[in-house]
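Below are structures written as structure tokens.
Below are two complexes that have chain A in common, paired first with chain B and then with chain C.
Let's look at the complex of A and B:
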């Protein structure tokens, strides 16, 4: 039996033939498929013009790995775990990317409404913030900040990082 | 004539020559000859030669918790550190904070009181931290703190014995060289300025995304650091929901109600300042610091084995005849592993 596939198009026009089951991990694509009934049409292309080729490739790799996962979504904020949950070794390796790529994945996952990937990436960003000084947070996430000059001239960027924390 | 047989009380010891000298290789009678299959999903074991087994066996260390007549309660820190692969774990994002906390605790207690091999191991780990910080461009303040601690230890040791450290001259010469290398790395770290062209940036994320990220942070100090980093984060951190969730994560209903009753509040809805309530609860009950580590060492209760939860360990509990019975009594769920924070880990070595 042939598995049904659809074509997803990235912002650069690259087409990804994808199993319907994998694509349905995204609520946005699922709604599209239900609304327009394109899964029976082999030539139908779903345009995702705000998602780059690299990011779409990463997201589809994640979706393919997690396609058989049970949907464990919990309604309401009461059950939301604050503590970062244990990230699986596969996910940890998958998200070994720089902060720019990670934020791109968050934006794409938000647009495509992939709840599992969003929760995972939020936890990874929270882990990156953990134990860091405000200056380090600004540095890692490219947050512009006018560094005020110190008493003896201009404070260099690296001086902010080499000052020890209170241990 | 005495009956000569295998001593049932001891698993026996074998010694292997390595680059760093002779190392003890503890062979477990029950689990020594077992090997995990290479297939990812399988957890069964099969017999094989020990060289293959060593390559596949996840890092773990058997410790003695209680002393008996037969077993002397001695655990070697250097052996534990080596067997649990601490040095390589420094580069693991999930274990970095745990190992740094462990190194800080050890250096606070003073490394001079440790055996020579343990001293060497710990300094090699700090050197690995220095190398990792230099490569990853993250946590230079942690490295700086460790370097200052080492400097303080050296100055303390030099006052002990007529301006020289107490102990092996050769060993301390080696230590001094390692400490100098660590300090050189700490002072030479070049933090590259962020690329102004790189997109997207954190401050370009939608507000609801940033709020969700904040909700995953479980330490008030991290929330305050994030708030200082940029305006939007500060605005979100000041929201009552953030502090309410943080309070509910750390404290149970009874503790919260105790504070509310003290403040003459009867209902949670009447609370206006959850941040104040959180800090009041924190001062009253304290908060558990274990959550700050993404991965914590675990102790298997059945085989007294320390291991990293993400790697697992070769447990022999399933061979125990009463295990199934205990499992049924517990309703199919038996908590066999307990987390071991850095302070608890050091207690196993009488530190």
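Let's look at the complex of A and C:
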């Protein structure tokens, strides 16, 4: 029996043939398939206008790697407060990307409702901030520096920005 | 603040409206305008993502470092601090901590747990604005060894924090009989209370206090000279759910008070009672039968029943 597949289309029109089981990690796609019963339609195309080709490729690579995880059975744990957990080596290497790509993955995973990937990316963002100086955070996330003493005046500047805390 | 672009919003609306989401071919041209990538961290939705999923797992130091990055970062961090529920600064006496505390006092609106023990920099001027913004939700306040605040800061805690359950005021020499009377009048839900090393409290107000505040499970009265047998008798009579009590250095108590605890506090699990010279094994022995933890070691009586030194080698020479 042929493994059922579905075609996902990125915003640039590139088609990604995908196993249905892999695509099911997305609650959005899962809901579509459950409602419209198109699993056997070989010509079905799901357009994802808000996900770029590169981002969709990354997400499908992650989903393919984690297709055997028990994410679905842990939905009840959502009521419990999440604790930071160790990131697996594969995931750490997978998300060793620049912050723009990481933020794109977050937005896409949020729209597609991929819970495991979202939790992973949230942890990665928190780790990218933890223990860093303001200059490092600014560099990592491309945050434009929109304040300077000459513009705001020395006194107001000091009040506005507590320069790095040592506590 | 939400960062969805108009095209994304339209797409989500189309998906939600239940229209046919799949088709045999895409009518869109292959060449489409590229959707603008998120330009920075703060383009991600704050309320859904950044605050509940990222900011809550960052330390205050990390948040303040992030706050220094830009004006938007400042607004973001202050929005995150507004929703913060716990503040743990105990033992933190570093440079600039008072300036940071002013920011916290201005931003935090939903604090429930406030731990400020051993903060020598803490003054009434710093603490009162924070209490004014957070008095409705606070249920745990730790001001142990805050030697530079006064009863002025304690008043809003006593009068207006109606959900208060944990109050720690160890080594607050400024705590007086009047403050304990006010606590008796305004509070009713305390389960954990610490007034160790508070020498200015009278015995009478404690007797009345424990008659009213009878839900206590954890109590520390160490080195408080006004703790007498009468106080312990009141605790035994009224605070029957007590599990842990610390009366180290309460020189005025004796076996009568401990006996009252023994008879009535059946859930007692910890009794710290060093440096109480008038308490003897006569009252502690029944407690040891219940296998609770007592920090005074049990005297070694059994092994001395037979004095081995009574035997001398010369006795065997008779034979």
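Going forward, the second predicted complex is superposed on the first by the 135 of 167 C-alpha atoms of A that agree within 3 Å, B and C clash if a C-alpha of one lies under 4 Å from a C-alpha of the other, contacts with A are read in each partner's own complex, and residues count from 1 in each chain.
Definition applied: a contact is a pair of C-beta atoms (placed from the backbone, for glycine too) under 8 Å apart; a residue touches a chain by one contact, two chains touch by 3 or more.
Computed from a prediction, not measured in an experiment: that's the story for all the values here.
Of the two partner chains placed by the overlay, chain B and chain C both lie in contact with A:110. With both structures placed on the common chain, the touch criterion links A:126 to chain B and to chain C.
Within the superposed three-chain model, A:99 lies in touch with chain B and with chain C [touch as defined at top]. Applying the stated contact rule after C-alpha superposition, one finds that A:5 touches neither chain B nor chain C. Once the two complexes are laid over each other on the shared chain, residue contacts for A:87 go to chain B alone; chain C is not touched. In the superposed model, A:141 lies in contact with both chain B and chain C. By the touch criterion defined above, A:64 lies against neither chain B nor chain C after alignment on the C-alpha atoms of chain A.
Taken together, the two complexes place residues 82, 84, 99-100, 103-104, 106-107, 110, 118, 122-123, 125-126, 129-134, 137-138, 141-145, 160-165, 167 of chain A in contact with chain B and also with chain C. The residues of chain B lying in touch with chain A in their complex are 93-94, 97, 104, 137-142, 144-145, 148-149, 186-187, 189-191, 193-196, 198-206, 209, 212-219, 222, 225-226, 228-230, 241, 245-246, 249, 291-292, 294-295, 309-310.
Within the complex, the chain A residues that touch chain C are 9, 11-13, 28, 32, 36, 38, 41, 43-47, 49-50, 52, 82, 84, 99-100, 103-104, 106-107, 110-111, 118-119, 122-123, 125-126, 129-134, 137-138, 141-147, 160-167.
Interface of chain A with chain B (complex): residues 77, 80, 82-84, 86-87, 89, 92, 96, 99-100, 103-104, 106-107, 110, 118, 122-123, 125-127, 129-145, 157-158, 160-165, 167. Residue ranges on chain C touching chain A, taken from their complex, read 3, 5, 7-8, 11-12, 15, 20-26, 28-32, 34-35, 37-45, 48-49, 53-54, 57-62, 64-74, 89, 92, 94-97, 99-100, 103.
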